[in-house]
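When the chains are written out, they are named A, B and C in that same order, and each has its own residue count from 1.
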């Protein structure tokens, strides 16, 4: 027989035939594993370093203001007095309104794509929705500043005032930029996130129940309500919370249209600021140490909040998916 | 050179706590075809996967016992599993050509990654291996198409060629024809017979006719235990064990 | 069986509402494109692509320095993060049983969710504070932390698509595991990996917040990585909120350029992937 391949033949190596000369394969694989593990550990350490650095930089502010930082509502860089309540308020209000708008729309789109549209058309619509998430935040901001804000001022505000003007939410003058405009922009930006997670959640709902409902004479609406929306409720909640997580941390688009004033405005037409937007606006210009530290503390708070929100969202969507797979 | 190429002593294997192979002792002679039959879940697949140390790649796998290749234990502490697999090749149930890789690259990947850089030599290896796998005539004009573009039967013969290119004295086959249509399966069967001249083949099969047709020796496994082993002619015509007889006559399994 | 008019109506209304939502989501997309196309393309000129800004008050000038700056920092961050991200993805997919893999997965999940502005602060604390200057390095570092989890996760998911028995076939040929991963698993996923990397880069090219106080910005070409460097998104931001008409005009031009880059990368990544898939399909059929 012709030896086609040059390799260590068994007979050549009498002492220990199944051992490679030089660096053994076992050692090679061990080295490769060590390298990979090294990088993995480095990334874990990087996150640790990030948390440590944020704490370190926030320490002066924590020491100075303690818990009052969260509930004090004045933010005065000149007097070096800092309370983050206006930004916490701004973040919560804009994110909640964004969710109120985006959640129903996203769920509707996900259902429309999954249940009504033929596959090719559904994928096309899905692609368009995903393209929204590819648009940089700064461009949303630019568009919001020069297009949406005037529209809110000139078209949306009169309508809202004439119908819902009796509510304090819709009182006072509108300059276009403000909480409402920021919320609308945010809602557009988080639609892709909620839609795509909803689509995944709906996909794992077994179609058997829906078909059974249809066979029993239910309308499509009833079948979807019973056999898709109900069983996937927690998964949809997860998607919405994930959208919330994105909204909380969104920076540039909000910073450009919210008006950036550290006040708590009852009216949605008023100006405000969010935790992310105040960092973007003031960080580069902050000159006192305590100001920087206060901004870092806001960053740390935002980090902690988004961490818990994302964690919560992930655990419920994960559970929902597992349940869907089990059925 | 001794006539026995592979000797298995008290081989046991586990998945976590599940004991899939329960103490097997067997010998395989050079240039023979050896079939392993048995009802599904009998541990025959796990057993054959212990013979080239691929079972241990599964999470939770444990193995004890000895497998002597030419008298050397492949489970010795200083034995390198990669080196073992160079000598004991394997063809799997599902045809699995490497993705996004041409037919040519699929065949020569073993030698090439062992360090053979010479293009002429690689071409020679590809030619010989594809010839032996009876695939050369079908693919010689499209060596640079992707391996996954072939039909199922061709893909399985490509996988065989890929194994032959590394020229292992022993070739393991884990239900190599169960995913193929009868015509493609018959071609692979014919190949096994031809390979006997140069290689020792150990094949797991769920197909008793196949075992009876191609194998010199047949082992019958039930629930991780070896029930009977002997010349195929004996096993299929004159089984000594009642369980074997029940199985081959279709009353059990 | 006959449906009551009420049920029929509800069914129709539901469908109508779903259609309405789906159409309405396209409206902002169209409006944004229309806006950029009208304002942006008008403001574009050769000058815009070739020159750095002129002093305040003088008309003309461009964003060439910012385009080059963006390319530099995004390129640097990709050089750092793509290899590390792929290695981490390999670790998650090929060594997934271990404890460290679980910890890494959790870490990557956290990193994905961190607001980019917070990453900017981190980079500021690491680089700007210690080097006492805004710098391109700080910007690139921030961007690389944004790219890293994306590359890692896509790599992990892509590699998991390769069936286990393919890896076993590689091992059965007598190849060490690292060669199986490198030459069979990674090479076999090359196209999808490229797609994932391009998507991550497109994401980084549009990021503004993490650059604001790391790379900061500049009005000149800069070839020093230890100095502040302009980038397209930050330049757009600074011009957009400026009071000068000419700068606002340039912000639109910049935005038009940026969206062409981002969407161009995004779409080409998808097409690249699709085309290869299509080809495979075609070959198999023939």
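In the analysis below, a contact is a pair of C-beta atoms (placed from the backbone, for glycine too) under 8 Å apart; a residue touches a chain by one contact, two chains touch by 3 or more.
Everything numeric in this text was worked out from a predicted model, so none of it was measured.
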Chain at the geometric heart of the assembly (C-alpha centres): C
Dominant interface by contact count, named by its two chains: A-C
Distance between chain centroids, defined by C-alpha means - subunit A, subunit B (Å): 51
Whole-Å gap between the CA centroids of subunit B and subunit C: 47
Distance from the mean Cα position of subunit C to that of subunit A, given in whole angstrom: 15
Sites on subunit B at which at least two other chains make contact: 82-84, 86-87, 110, 114, 166
Per-residue multi-chain contacts in subunit A, two or more chains: 25, 29
Per-residue overlap in subunit C, given as positions that touch at least 2 other chains: 176
Touching residues on subunit B, where the partner in the complex is subunit A: 69-70, 72, 74, 76, 78-84, 86-87, 110-111, 114, 116, 124-125, 128-129, 165-167, 169, 198
Subunit A residues within the subunit B interface of the complex: 1, 3-8, 10, 16-20, 24-26, 29
Contacting residues of subunit B [partner subunit C, same complex]: 52, 54, 57, 59, 82-87, 89-90, 92-94, 96, 98-101, 109-110, 113-114, 145-146, 148-149, 159, 162-163, 166, 168
Touch list for subunit A against partner subunit C, complex: 25, 28-29, 32-33, 35-37, 39-44, 46-47, 49-50, 53-54, 56-57, 104-105, 108-109, 111-113, 116, 125, 127-129, 131-132, 134-143, 145-147, 188, 191, 217, 219-222, 224, 245, 248-252, 256, 276, 279-280, 283-284, 295-296, 299, 302-303, 306-307, 309-310, 314
In the complex, subunit C residues that touch subunit A: 1, 3, 7-8, 10-11, 14-15, 17-22, 24-26, 28-29, 31-32, 35-36, 39, 84, 87-88, 90-91, 95, 100-101, 103-104, 107-122, 124-126, 145, 148, 152, 176-178, 181, 202-203, 205-209, 212-213, 216, 233, 236-237, 240-241, 248, 251-252, 255, 258-259, 262-263, 266-267, 270
